[in-house]
Amino acid sequence: MKNLNKNEISKILENALEEGRKVIPNGHVATYIPQLGTVDPNLLGITMITKDGEMFTAGDWDTRFTIQSVSKTISLAVALELCGREAVFSTVGMEPSGEAFNSLVELDLNSNKPYNPMINSGAIAVESLIIPKASFSDMLLFSKRFCNDPGITLDEVTYNSEMAHSARNRAIAYLLQSKDIIKTDVDDSMVLYTRMCSLSVTSKSLASLALLLAVGGVSPATGERLLSTETCSIVKTIMLTCGMYDGSGEFAVNVGIPTKSGVGGGLLSVVDKELGIGIYGPALDAKGNSIAGKVILKYLADELDLHLFS
Amino acid sequence: MKNLNKNEISKILENALEEGRKVIPNGHVATYIPQLGTVDPNLLGITMITKDGEMFTAGDWDTRFTIQSVSKTISLAVALELCGREAVFSTVGMEPSGEAFNSLVELDLNSNKPYNPMINSGAIAVESLIIPKASFSDMLLFSKRFCNDPGITLDEVTYNSEMAHSARNRAIAYLLQSKDIIKTDVDDSMVLYTRMCSLSVTSKSLASLALLLAVGGVSPATGERLLSTETCSIVKTIMLTCGMYDGSGEFAVNVGIPTKSGVGGGLLSVVDKELGIGIYGPALDAKGNSIAGKVILKYLADELDLHLFS
Amino acid sequence: MKNLNKNEISKILENALEEGRKVIPNGHVATYIPQLGTVDPNLLGITMITKDGEMFTAGDWDTRFTIQSVSKTISLAVALELCGREAVFSTVGMEPSGEAFNSLVELDLNSNKPYNPMINSGAIAVESLIIPKASFSDMLLFSKRFCNDPGITLDEVTYNSEMAHSARNRAIAYLLQSKDIIKTDVDDSMVLYTRMCSLSVTSKSLASLALLLAVGGVSPATGERLLSTETCSIVKTIMLTCGMYDGSGEFAVNVGIPTKSGVGGGLLSVVDKELGIGIYGPALDAKGNSIAGKVILKYLADELDLHLFS
Amino acid sequence: MKNLNKNEISKILENALEEGRKVIPNGHVATYIPQLGTVDPNLLGITMITKDGEMFTAGDWDTRFTIQSVSKTISLAVALELCGREAVFSTVGMEPSGEAFNSLVELDLNSNKPYNPMINSGAIAVESLIIPKASFSDMLLFSKRFCNDPGITLDEVTYNSEMAHSARNRAIAYLLQSKDIIKTDVDDSMVLYTRMCSLSVTSKSLASLALLLAVGGVSPATGERLLSTETCSIVKTIMLTCGMYDGSGEFAVNVGIPTKSGVGGGLLSVVDKELGIGIYGPALDAKGNSIAGKVILKYLADELDLHLFS
């Protein structure tokens, strides 16, 4: 990362937001879950926190939105902590899939496990591992701690909307059960998975989570170790290779910041050992990633030298 | 069909059974549904009824077993009668799939409809069309009439066993719902589908059903028209091209008798305008077709000149 | 087949042609081979020959065109005669593929053999079996005899045009070689395959070939046995299940006449034990079948009761 | 990277080699190219060069072997330099494929371009871009410079062996041509691709190439800029996400060192801004990666803190 003063960084953040705003008209809010379709596509916010505790914000940085697939990183981290690396990766793989987030094809052809924990099938399998070890209220507590945000709640309206439009995820869950990958009750896994997707966060919550991963698991806020270094390393690597669905490879080349996106418009971005970035921009590109968010991250990567291999 | 007297035909049937018996050790009863796994693999029976009402039987011809996928022909026929050809084929295709009976891959890639009504996805979609028009007790009544067998009942033990091991079919049903192919309740479709699979029949029931199709829909027993000629034509054609799962093409070449198999060991075989054949042989080949039944049909096709293009 | 006099049949044929003509504007001549793209899409002709030798014709029945994929039936028949059933079907399957004619996907996933001899991969494999037994001039001679047409020649212009646009077929051929399915030289197979596709025929040639298959292999013209009954039975069955590419199942249900199509606009249709039909109509539907030809066959099937299960 | 003295590093390298040696019996030399099958599986060597020019070696570090797929990194780098980023990535993607290195399936389904330049289809497409800009002798010269090894030659015996067993790659190349992805002569692309695979290198050559990438393109040996920083960044990122075939994701998690493998037994590993590692170990695992080499890299990653996110 480039050595700049606070004003310079603030200015770059503002510029990044402006760059992002330009592409919003090319995106669309998610509509396959009706509740997500009601959101204003022009919302755009960012929070960036450095390892030294400096926080930079811009735009709608404190607007709440549902975390959606970004929660897959929390669930993976919890599963690694509670169940261990071997149990997790005997249930779910670590390979990018080259297919869309909700594909059943590869799961059916590749019979023993989902490709990775960042696609729906993998994440549902991860929830089924967590169920015997932690309840949703435990998971909510973990989420609040990891995100340093006691204000996280379950967005009941979105949750109900998602449960009413969950046919594809149920198909995936039953396919997992038919292959003996899910051993717990399918409904329990579906409920936990959908609840985790319906957590209400801000760009600041995600920036705090990203920073926790960047510094290797010790909370910068409290000094408490929340995650092992190993767990952080695994989550960051999988975010890099699989975090942007079937656009992960291109994003790694062009931006080079491990990032996980959600169809709610959230982006969780980790600049290792340096800083955490959270973005909210609900207008999505065709692959389900925040369209303005990607532009912002590309801009920041270029201006601040944040690419992994810059 | 060759012109033979009754004794000659009876003798050929006995010989066919002996030929079939030889290959039983190469087959296995279905085990993915526990209840099916308890059956004696050495059971073997056949019934053949001519258009003139002559009936030939051999072996365990009157043993009851669950109809399983053979019921797909009944459901297709009912759907065609109640909903019409256009409604049915705007929901399900008519193409052989080249894949196993319970594949999700082609359904997911080929997004608008299941390949045909003889694979699970297609049959579940057909049940969803029937639901607004007919209850299970209606379907049971239709089945008794088509099979000329008032003794058909729901095998509750098998039904419960199947419902307890239905994850893959549920995955298929939810995938159909997610694609808006099933518009009714998924559970309702699953229940009707599984109940139809759990009907208890004999080889004679199937021979009667086959004869009904062979003669174009007027019951030889009662003189009542039960199905239109068009429905019979469609069902027979689809049995020929799709009735033996991914072994349909080879069976059509080698045997040339439109046939639908079920994993309960049943075979429904139609020699058009001539006769109906029902077989029961629960030891299955790798594709899920009665291993002895296939040998018997090949033998009969050769000895009696039953191949479509003989 | 309905019992009608010659005038009635002639009239039906004329009407069928008129019905076919109406849909020509919805079709397109093949353009992936430039030479085929130069053809007048409004050409339309039909020849029908009964087992008693009566011939009915209409439209451009004696216009020459390239046989294209219809030649797959000739090559299959020759391979069966020269190499035997076992050799052929240990190299190529008999299953409908549910995919387009030039798919590599199923071949690559399903590693041991092409799905059937009516798709390009299967046909190229069949040519490779023929090569050690027969030269192209032998094949030309067979074609003339089967089609009762000494005027068949190699259309050099089309042949050269196809060879210059053969990348996909070459890809298929090398994939076959890499799987050890083709054991002869790839170029030799490509040349023979493409030459067979470039034979110049008329609708009458195809009607004669269809009649030969319908009557079980003894030439109605000369009384000479040209093909065994078994070969004819196999070819007819595979035409029925696989002859219309991924539209074969629907065509079997709706029309019920074993038919093989070619992108040159030819259709070869066999009404078993009754008659042979040849059609020429170069405007194709999206699946590569003559769009007017399909309408004509549906009309004839309905008016003359030609459906297999009518 | 841990701060250690030269003796400590040398010792760790020796230990790593011993760890690697233990798993050699679980691997197999490649046999699909006969010439590769003649190699002694027990060969094992490593070279590591730091940015300060210190070189550490162990085992058969100066044995020559064919570079095989490791050359894909050289070709990608050259194509980026000569044709530009846009031309390259409008021809080939950047996504991990989740499939084996020589798959045709994804290419055929995903019609517009190969998934990435590290699989055969992508690499052959890259060669076709290079052809109008550079001859093989140019490429040989580039390779010598990048690897700081004037002794690199074309291994004619391996080249001829590969060309004689190139059916699958030819199938891929013709499929690329049929999709208009390759616009040059297929044979030219095949020849250049196969020649690049047949370059004869040592572990030291690969370590030098890795170091060049690690330091961003300026030759540590000569001070000359051989590649742009951007080219190096792209190549390193794609090595990380796609370098180990369908085991890339797992390797990134477990080892975290961008690496490209070849079936000749070579591994090219870049510890960004720190050091270059080259390994030779011809016994391969099931995915085609050096089985001992992977163990060595895991050992070094752990002992020297080389994981990207350690």
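Letters are used for the chains, namely A, B, C and D, taken in the order the chains are written, and counting of residues starts over at 1 for each.
Rule of thumb we're sticking to: contacts are C-beta pairs under 8 Å (C-beta built on N, C-alpha and C of every residue); 3 or more make two chains touch, one makes a residue touch a chain.
Being a predicted model, the structure only gives us computed values, none of them experimental.
Peer 1: Quickly list, by label, the chains bordering both chain C and chain D.
Peer 2: Both chain C and chain D are touched by no common chain, going by the contact rule given at the top.
Peer 1: Is it true that over half of the residue numbers where chain A touches chain B are used by both copies, so same, or is it different?
Peer 2: Mostly the same residues.
Peer 1: List the centre-to-centre spacing of chain A and chain D in whole Å, with centres computed as mean CA coordinates.
Peer 2: Computed value for the inter-centroid distance: 32 Å.
Peer 1: Would you mind pulling out the distance in Å between where the CA atoms of chain A average out and where those of chain B do?
Peer 2: The answer is 48 Å.
Peer 1: Would you mind pulling out the distance in Å between where the CA atoms of chain B average out and where those of chain D do?
Peer 2: 55
Peer 1: Could you check chain C for residues that touch two or more other chains and list them?
Peer 2: Within chain C, no residue contacts more than one other chain.
Peer 1: Using the touch definition up top, name the residues of chain D that touch chain C in the complex.
Peer 2: Checking each residue of chain D against chain C gives 103-105, 108-109, 167-168, 170-175, 177-178, 186.
Peer 1: Which positions of chain B touch chain C when the two form their complex?
Peer 2: 93-99, 106, 115-116, 229, 232-234, 236-238, 240-242, 246-250, 252-253, 256, 258, 272, 307-310
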